[in-house]
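The two complexes that follow have subunit A in common; it is paired with subunit B in the first and with subunit C in the second.
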Partner chain A sequence: MTSIGLDHVVMRYDGTQAAVDDVSLEIEEGEFFVLVGPSGCGKSTLLRLLAGLERPSSGTVRMDGSDVTELTPRLRDVAMVFQNYAIYPHMTVGGNLGYGLKVRGVPKREAAARVREVADLLGLGDLLKRRPTTLSGGQLQRVAMGRAIARRPRAYLMDEPLSNLDAKLRVSMRAELEQLHRRLGVTTVYVTHDQVEAMTLGSRAAVLRAGELQQVAAPQELYARPANAFVAAFIGSPPMNFALATAREDGLDLAGFDLRLPAEHRPPVAAGERVLVGIRPEELRAPQAAGKDACALRVTCAVRQNLGADQLLFFPVPQLPYEAAVIARATFAEDRPAGPAVGSGERLLCARVPADVSVEPGDTVDLAVRPGALHYFAPDGGARLPSA
Partner chain B sequence: MKRPGAVPWLFVVPAAALTLLILLVPSLVGAAYAFTDWDGLTSPSWVGLANFTEFFDDGSHVVGQTLILAGLYVVGVNAAGLGLALGLAHTLRTRHVLRALFLVPAVVSPLVVAYIWTFILDVDGPLNEILEAVGLGSSAQPWLGQRNTALAAVAIVMVWQFAGYHMLIYLAGLQGVQRELLEAAEVDGAGPWRRFADITLPLLRPALVIGTVLSTISAFLLFDQVMALTGGGPSGGTDTLGTYVYEQTFVNGRYGYGSAVALLLVGGVCLAALVQMRLLRGRRS
Partner chain C sequence: MNRYGRWTAFREAGFWIAAIPMLLPVYLVLTTVLRGPEARGESALRPPGDPTLGNMERAWTEAGGGTVSFSQALVNSVLTTAAVVAILVVVAAPAGYALARRGSKLSGAVFGMFAFALIMPIQLGIIPLYGFMVDAGLTGTRAGLILVYAGLQMPLAVFLYTGFLRGLPTAYEEAARVDGARPLRVFAGVVFPLVRPVTGVVATLTGLFVWNDFFVALVFVGDTDKVTLPVAVYSFVGRFAAEWPLIFAAALIAAGPVVVLFGFAQRTIMKGFTSTLHG
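Showing the complex of A and B:
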């Protein structure tokens, strides 16, 4: 069991913008820690720094309290699972599983026993003599995992290990990974761009953007109390709705909706000032499901998407171009290609309601939101503002 | 599926006919002369296997020299090519310029290369002058003029000329070795040498097959560089099968005997290439 620490780590390639910018982190013994963020945010670089495949431009990497910044991967004794599995194509499955043991001089008999044990654990027992070219994606994934496990390293580093699997296999492998971690109890650092993996797998997760740490917290905390508008927009599916609102004495003017709020849920800004408001789609509910102090919104449904148990209702709210620009800037929407269109005359917001609410496009729908479900962010920079 | 009809034949037939006419037919006719005593002037008469037995009695030193030269060349040129490729695959900033530079000798005529090196290796040439200048004058010698250095000198010149060409083969092969595999091995605990021996080298197998087969064939058929560097001398010390066939056939006018040696040479090349492919290809994956 190993704890991992990063102190003010900076990684800069040839004088370009920092891929990792002053990141400090503490990962506890036996923790399943997720690094999540959009592509290019520096999460894979951070993992390579932990593995020793890269040296930081400045800062310190620690393992169990001792400085390992200058140590080679071999001396760090961590195992890595690569996105494309990196299975040695000229070796059998057994050869792949045992390679790390052979290199590290583990006696042959013991190595064979450990390979057998890992193969049985992962259901690879019948494949030991097979060549990687004859295996399916899921099997290759298991071999990559097995190679890491057989070594019994101090920590596992996983770089988007499920991203090449189809959706169905990904769900089952996710569950298996979680079980494996519980069983082995080895410190694991897991990189993903998939916020669902971050939410389901990690005991804690760090959200990264452009090399900078945005928030480190338990998944539920990231969801319920995002540190800024970027984290709020990144965690949750479908993503949080944002609108620019004006504070009033008794509540908010939110894109034409008049929300009266109890004192404890009002935005912490003076009346007349602007505030960025975030509402999760699942918090926009049918009035009877929202509770008695909920604020009502009457909207016109523009698009309806059926998800089976739930449905997504999209409705337009009027929006000035400058408002769109403020929202895009605060949530760093330019980092995410799926971000809302900037500059259009209206913006589609989304509500997630049970499928039995009968709505068709063009219908007027009454929705409601609990005052406590409103998230407030600074319009410039997007930092979270606590309720008044 | 629609049948391709006659169109593909239109493309294949002219090339096939030309090959047959100017390569295969003369070769077969030439092969027939191997069993005669034809001197190029009088009409040939059948001598059976006499030419072959004569070669096995008198020509074995040429086979030995050819094998030594081929061994030196094949090992040298592939090691040098692989070394250059490994050095210039990723890291160096100037790698693109250097790659082009190392390839230049391969595109220069072998004769020009031979004349440059005859000058360098001459008794009064720059190599010996340099040796004298650095106080190693006692090591200065007539490199191409004595039996014990001439063969190695020829091999070195050939390696110098074609290392860049083999570098290209290995550079192409290295493209197929994913960086992630080497990183995985590094994390698994393998040092630089282990990574090379366990990962890079096995994955370069196809390139190694091509490199060794091509260099073996060109070593066996070697003619022009030897001719230009030493003319087969001193006293036949650098004679290879290629120069020997030329000498016997065109200088001594023994067309029948020359054909017999040439036939053996072709057989030897084919056999060597087959054996190498078998050895290096290993199990098909």
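Showing the complex of A and C:
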């Protein structure tokens, strides 16, 4: 069991923009810690810094309180599952699982027993003599995992280990991974670009953007109280709706809707000022499901997507081009793939309602939102503003 | 799909026709060698009526005009070639690895030097090289010959290894480092096995060069008991000016080991060539 710490770690590859920018983190013993962020935000780089494959331009890496910044990967004794697995193609499955034991001088007999044990644990028992080129993607993934487990390292570092699997296998592997972690109890740092994995795995997650830490918190906290508009937009699917609103004495003027809010849920800005408002699609509900102090919105459904149990209703609200620019800037929309569609002069907002509400495109729909479900952010910079 | 249809037959006929210029000399060599002395006057194109191995025997046992027996020359060739190939692999693989993985200006310059040496003809430097070898007392020795060959072929070997390793993902090495392997172990246990295709190509190309080379061997060990096969074959030309059956028999013996080796390793070698060229 090992705790991991990072102090003001900066990583610049060739003196250009920092791939990891002044990151400080504490990962506790036995924790399942998730690093999440869009592609290119520096997740892999951060993991490689932990493994000792890269040396930081400045800052220190600690393990169990002692400085390991200058230590080679061998001396750090961590195991890594690579994004593309990096299974040695010239060795058998058994050879791959046992390689770390062999080079660390574990006696042959003991190594063989441990390989056997790990192979049984992961259901690789029948494959030990096979060559990696003859394995399926899911089997390769298990070998990569097994190679990490067999060594009993101080920590596991996993770089998007499930991203090459199909959706169904990913779900079942996620569950297995959790079980495995509970059983072994080894500190695990898990990198993913998938916010669903960040939500489902792990006791805490760190959200990265452009090498900078945005927020470190439990998944539920990231969802309920995002530290800024970027985290708010990144966590949650479908993503949070944003609109630029004007504060009033008794509430908000939000894209033409008149929301009256109780004092404790009003935005913390003076009347007449602009504030960025975020509403999760699942908080835009049918009026009877929203509670009695909810604010009503009457909208026209433009597009409907059926998800089975739920359906997504997209409805346009007016939006000036400069407002679109402000929202895009505050949420760093260019950093995220598939941001919300921005039409000319209007913006599509999304509501997630049960599938039994019968709506067709073109219909008028009554929705409602709880005042407590409104998130406020500063229009410039996107920092979270607590309700008044 | 794979039926032997008209098109396949047509193509096969094409291959055979294209092979005639290659096969005809081989045929002529064979008939000449197998013809006994009594059938000297026959046309070379006719198959020998009474095939005999007498010429092979004589070529093998007689010393020719040179200083060593033909069998000794064969031993010399094998030793020299094996040593040169071993040196090239042991030196060029690590060198290529270092050049491929270090991004420094110096390693770029060193690689450029090897690439430059690749296009320089040997003849250009042979005189100063010979002078140097005389000073070092290495002319006429097998060690000297091996050294010269290894030096001549080193640029090609380094070039091939570097090119291949530049295209090889670093993830395997990183996995080995994280697994706990020290640098030497990473190279021996992971990198070297992964570059086996190049090792095959290097061994084939440089081995064939050394085996077939006449010029360098003549310059550095001519007239000694260290001569290799091509020089020994040439010694027959001197004494038996008209003894083509003996010369051809000697050439046939010299080519034998290569043909046998290639027959065994053909698939590996071809795979090495294609993957090296792609990589």
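Definition applied: the second predicted complex is superposed on the first by the 385 of 388 C-alpha atoms of A that agree within 3 Å, B and C clash if a C-alpha of one lies under 4 Å from a C-alpha of the other, contacts with A are read in each partner's own complex, and residues count from 1 in each chain.
Everything that follows uses one rule, which is that a contact is a pair of C-beta atoms (placed from the backbone, for glycine too) under 8 Å apart; a residue touches a chain by one contact, two chains touch by 3 or more.
What you see is a predicted model; the values in this text were computed from it and never measured.
Asks: Determine, for the superposed arrangement built on subunit A, whether subunit B and subunit C clash or fit.
Replies: With subunit A as the common anchor, subunit B and subunit C collide in the superposed model.
Asks: Just subunit B (first), just subunit C (second), both, or neither: which does A:R74 touch?
Replies: A:R74: touches subunit B and subunit C.
Asks: Between subunit B and subunit C, whom does A:G251 touch in the aligned arrangement: first, second, both, or neither?
Replies: Neither partner.
Asks: Thinking of the overlay built on chain A, is A:P371 touched by subunit B (first), by subunit C (second), by both, or by neither?
Replies: In the superposition, A:P371 contacts neither subunit B nor subunit C.
Asks: Counting only touches as set out at the top, which of subunit B and subunit C does A:N84 meet: first, second, both, neither?
Replies: So A:N84 meets both subunit B and subunit C here.
Asks: Does subunit B (first) or subunit C (second) touch A:R151, or do both, or does neither?
Replies: both
Asks: Under the stated touch criterion, which partner chain does A:A51 make contact with: subunit B (first), subunit C (second), both, or neither?
Replies: both
Asks: Report for A:Y99: first if it touches subunit B alone, second if subunit C alone, otherwise both or neither.
Replies: both
Asks: Both subunit B and subunit C contact which residues of subunit A?
Replies: 51-53, 72-74, 77-80, 82, 84, 86, 88-90, 99-100, 103-104, 147, 151
Asks: What does subunit B use to touch subunit A in their complex?
Replies: That would be residues 178, 180-181, 183-191, 194, 198-199, 202-203, 205, 285 of subunit B.
Asks: Help me check something: in the complex, which residues belonging to subunit A touch subunit C?
Replies: Per the stated touch rule, the residues are 48, 51-53, 72-74, 77-80, 82, 84, 86, 88-90, 99-100, 103-104, 147, 151.
Asks: What part of subunit C is in contact with subunit A in the complex they form?
Replies: 169, 171-172, 174-182, 185, 189-190, 193-194, 196
Asks: Touching residues of subunit A toward subunit B in the complex: what are they?
Replies: Against subunit B, subunit A makes touches at 51-53, 72-74, 77-80, 82, 84, 86, 88-90, 99-100, 103-104, 131, 133, 147, 151.
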